[in-house]
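The structures come next, written out as structure tokens.
After this come two complexes, each holding subunit A, first together with subunit B and then together with subunit C.
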Partner chain A sequence: MPKITIDSTEIEVEKGTTVIQAAEQIGIDIPRYCYHPGLSIVGVCRICLVEIERMPKLQVACYTPVADGMVVHTNNEKVQQARRAVLEFLLINHPLDCPVCDQAGECWLQNFYMQHGLYDSKMVEDKVKKQKALPIGPNVMLDSERCILCTRCVRFCDEITETHELGIFNRGDHTELLPYPGQELDNKYSGNTIDICPVGALTDKDFRFRTRVWYLTETPSVCPGCSTGCNINVHHNDHRPYKAGGIRVSRLKPRYNPDVNQWWMCDEGRYGFTQVDADSRIVAPQKKTRGDWQLLSWQDAIDEIATKIKGILKKHGADAFGVILSPQMTNEGLFAAKRFFQETLEVENIDFEVVAREKGYADDFLMKADKNPNSEGAKKIGLSAVDNSGLEVAQMLADAKDNRLKALYICHHNLEKGFKKEEVKEALSKVDLVIFQGTNQNSTSNLANYCLPSASFVEKDGTFTNFAGRVQEIHKAVEPLGESKPDWTIFRNLSKRLGKSMPYFEAGDVFNALAEEVDAFKGLSYEKIGEHGVLLNGHRASTEKEMGALVA
Partner chain B sequence: MEFCKAAKTECDKIIAKYPEKRAAMLPVLYLAEKEFGHISPEVEKYVGKLLDVPPVKVHEVMTFYTLIAAKPRGKYHFQICRGLSCDLKGCVKIIDYLSEKLGLSSDETSDDLMYTFTPVECLAACETAPMMQLNEDYYGNLTKEKIDDILKENS
Partner chain C sequence: MNIHDKYKPLTFWEKLYLPAIISGLWLTSMHFFRNLTLHILRALRLRKTADGAVTIQYPEFLRPLFPRLRTMHRLTKRDDGTPRCVACMMCETVCPAKCIYIIADEKLENPEIEKMPESFDIDLGLCIFCGYCVEACPVDAIRMDTGILEISNLTRKGMVLDMETMLNLEPMQDRYVKYTKEGEIVSQEYLKQDLSK
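Let's turn to the complex of A and B:
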């Protein structure tokens, strides 16, 4: 393996490593715009120039492979002078409208200029004017004057989505990034171009002018939009909530996970978080009396529901009780539910799967047709009807219609997605006790007798198991809205009221109990999951071939 | 939109010269301009198909170079030099005169597709400044009278 010296530190690296990667290994961050580890290397921005001894000119660190005995200087006077010159060049036609630019605070032009800037411009020529605030697709806004022509977005559309919408047109200081005439930047992953844009040229229509990025806090999590479970950071506005009009979650950004989504996420997941702060959130326990919803305290709600459940079980037996859990719930919520319904209430009619009538969009990249983050977890925990020799959801509704089902506990589902509206309405109207537990109102919750408020995925800790059997953590970014609580807490409290307490105080306790009891999870612990998740027993990591387009 | 048989053979020959198809972009565009008169968006797409690249890559090359026509050009293409030598020899007046005579401003083509008027950078014939190129031929030491004669010959 070649041995090289970077800024007087000797390091041995794999053959074929580039200078920029070798420097990263010893914690030296060489400035870069066009270089991105997930894309091909083009060496066009020139900000990463370094001095390599015995080479006559400065070399681009991103494109130069290491060679044995190489001596590299990444920050001497000559290199700094070159960086100053590159920045001066990049800013010749830059509009310097940082005060109104969304990228301010996370802009690499600003960041590198702070370190290497020339400060006093030598240019007297007028700047070339280009198009500003040009919508180039459903999600992306282009400011051509801010663009430094690094081609990251062009290469993303060429190499990752292979949709080829973008190009670099014209020449000299009139060179401009634009979509192909007559075309829009409209693909299922277009938001990623905003993430990888190092400056303020591509900004997010959904985020522009909403908040300054330095007011945001990042919390690592997992996208609940489908069974892939892309790793994300939730960006939430903790510093100035009063400026955000009740919107606590500002945006979702993909978080690097080499085994799941690399650097990317789809637009459906990226913009699918609005229900978290929507008016439809259920914020307190409530019951319907004579057609009107009436708010309850948690204590009263638990008391009333426990009494009614006990009454029905006594009078009609466990066969008259149906439970519809949801793959939207975390492993912890599902496991606590399993213990509550199976052990405390001894109910067998438990199922979680409602097959959507409209098939979800899927591709061979990140998007899966199953729009639930935890179907695999629910299966492995044993919550399918077949596991419990109980009724399937469809059968529960049929039994309800025939007056054989007296109580139905429904978590999160909008049953209309799987069944006809009239069917659901008729079935539920014949059940004495319908309890709905979920984050938002929907047409099913409207048919219930009781509604219990669940915390949404940004308001709780827990884990999801993705389609490949990878268990990944979500984290609490903001406080549960109103009186809402994590699902596992609600089941724990109900169980205690009905005579069986569960010693769970946080999500980790539930997970560790689950790991002891369920075979697929044996040997795992909450502490072991880590930032990139762990595979369930019997699952193996995807090969490069299976990851397909993921591997650039 | 397709090359005739002869042009297709020519095109295949050009492509065969390069290690990858994409490298044949400029000569194939030149051939396409000769065949179709100019490179319309449809021709861009066709060239992309011939070279196995998305049309946006052809458009990048098309917008980079000024030498290949993106719009229809007139039967007579006047490319008049506005380089340094020609400027020193008073080409500004000649350019204005020709523009007025043709009734065309910079980069315009007459509605009857007879004339196209394009001021260009140096054509490397400074010894005859001020000069211009009409289709494939150079005309030097231009005066207003000479412009009149040339226009009479080519109309």
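Let's turn to the complex of A and C:
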């Protein structure tokens, strides 16, 4: 293995490593625009120039493989001067419209100018005008003037999605990034081009002008959009709540996890958070009286529901009680539900799977057909009908139609996604007590007698188990809307009211109890999960080859 | 003075009480008689220098305002009458009182401008008139030169300035009133120049 010296620190690295990667390993940050660890190396931006002893000229750190005995200087006078010169070239035709640019605040031109530039502009000629605010796809807006032609987005479309929508056209200072004629950037991962764009050339149509990036706080989380469980950062606006009509979550950005999503996420997940601040959110417990919804306090709601549940169980027995849990719930919610229904109420009819009639889009990269983040967790906790020798969802609805089911507790599901509209309506209308617990109103919640507000994924702590058995943490980014509470809190309170208390005070308590009780989770603890998640027992990490296939 | 000084026990001289009252009365009467004498002398035209203290008959007469005084905000306009503001939110960010509320809007029909404020509110009930917003503005869209100091309202909501109001405010030339001691208004030529240029 070659041994090199970078800024008088010696390091031994794998053969084939480039200087920029070796420097990264010892914590030296070399400025870069075109280099991205997930993409091929082109060395076009020239900002990463470093001095290597016994080489006649400065070399690009991103493209120069290390050789034994190399001595690299990343920050001497000569390098600094070169960086300043490169930056000056990059900014020659840059419009400097930072005030209206959405990238301002997270722009690498701004950052490197402040770190390495700080020159006075010598440019007296007119700048080359190019197209501004050109929509090049459903999610992406292009500003050619701001582009520094690093080709990251081009390489992303060529190498990761292999859809080849973007290219570099024309020559000289008229060189321009554009989609190929007749094409638009409409692949399922187009949002990533915005993330990797180091400048404000590609901006997010959805996020555009809503707020400024320095108002945002990021909280690590996991995308609830499908069973892949891509790691994300939730960017939420706590400081200026009046922006963009009061929406609290401004955007989702992928978070690096080498074993799950690497640097990427799909557009479906990226823009799929709108339900968090939607008007359809259930904000307080409510009860339907003569067709009208009436708001209740939590105390009253739990009292009333508990009394009704007790009455039905006494009169008709546990067989007349059906529970439809949801893989949208966290492991904690599911486990608390399991304890509540199985131990407190001794109900057997528990199921969680509602197979969607329309199959979700899936590909061989990140998107999975199962659009629930925690199906694997629900299976492992033992909540499918087979585990409990109870009824499946379809049978529950059939039973309900035949008047055999007297109470139904539905969590999060929109049953119309799995069954015909009339079927659901007929079945639920015959059940005496339908309780819906969820974040948003849907056609199923409209058929319920009681609605309980549940906190959405950005409003609670918890864990999801992805399709490969990786347990990953979500974190509370914003306060629960209105009166909503995490699912496990609701089950804990109901259980206490019905005579069996659960000693849980935060999500970690529930998870640790779950880890003690369920075999697949044995040996795990909430503290151990960490930022990249841990695998359940009996699951293996994806091999490098498999992950390699992901990035093609 | 140390703030703890006021908790010091009184000295004997202070406890006597009368000396303090007498010295207070002495100070007041000294000013009273000084002003009285000076005003009488001036009225009799016996003395022209050394003025007595003057009370300004506000609001009939106004004090002159200085060009750099920070008064109520206004927004400047482009030649076509649209706000010059590009909703970059620098002022909102820098505002220490957090009294500026901007909501941006996209103007795709004019890519040269691209971003504009949809609403621009300043809550004068919170504003501390520090002038940072004016300093921070990269396009000279906000100024504090209206000369309006009388800011009051019956409701808190009424203290909020909206974009429409601020765009229609003018710079303060006419508030620049200089007057003689007799209360005659003397206009100042140099103040009549257009401050918006």
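Criterion: the second predicted complex is superposed on the first by the 542 of 552 C-alpha atoms of A that agree within 3 Å, B and C clash if a C-alpha of one lies under 4 Å from a C-alpha of the other, contacts with A are read in each partner's own complex, and residues count from 1 in each chain.
The rule is simple: a contact is a pair of C-beta atoms (placed from the backbone, for glycine too) under 8 Å apart; a residue touches a chain by one contact, two chains touch by 3 or more.
Model, not experiment: these values are computed from the prediction.
Student: Scan A:180 for contacts with subunit B and subunit C and give back first, second, both or neither.
Tutor: In the superposition, A:180 contacts subunit B only.
Student: Which of the two, subunit B or subunit C, is in touch with more residues of subunit A?
Tutor: Looking at subunit B versus subunit C, the one contacting more residues of subunit A is C.
Student: May I ask you to decide whether A:169 touches subunit B, subunit C, both, or neither, giving the answer as first, second, both or neither?
Tutor: Only subunit B; A:169 stays clear of subunit C.
Student: Applying the document's definition of touch, where does A:132 land relative to subunit B and subunit C: first, second, both, or neither?
Tutor: A:132 contacts subunit C only, not subunit B.
Student: Counting only touches as set out at the top, which of subunit B and subunit C does A:1 meet: first, second, both, neither?
Tutor: The answer is neither, since A:1 touches no partner chain.
Student: With both complexes overlaid on chain A, does A:355 touch subunit B (first), subunit C (second), both or neither?
Tutor: neither
Student: Quick one: is A:100 in contact with subunit B, with subunit C, with both, or with neither? Answer first, second, both or neither.
Tutor: So A:100 only meets subunit C here.
Student: Within the complex, which stretch of subunit A touches subunit C?
Tutor: 97-100, 104, 131-133, 208-210, 212, 214-215, 240, 242-244
Student: Using the touch definition up top, name the residues of subunit C that touch subunit A in the complex.
Tutor: Contact set of subunit C toward subunit A: 86-90, 92-93, 101, 103-106, 108, 111-112, 114-115, 138-139.
Student: Quick one: in the complex, what on subunit B touches subunit A?
Tutor: 41, 54-57, 59-60, 63-65
Student: Would you tell me which residues of subunit A are touching subunit B in their complex?
Tutor: Residues of subunit A touching subunit B: 158, 164-171, 180-183.
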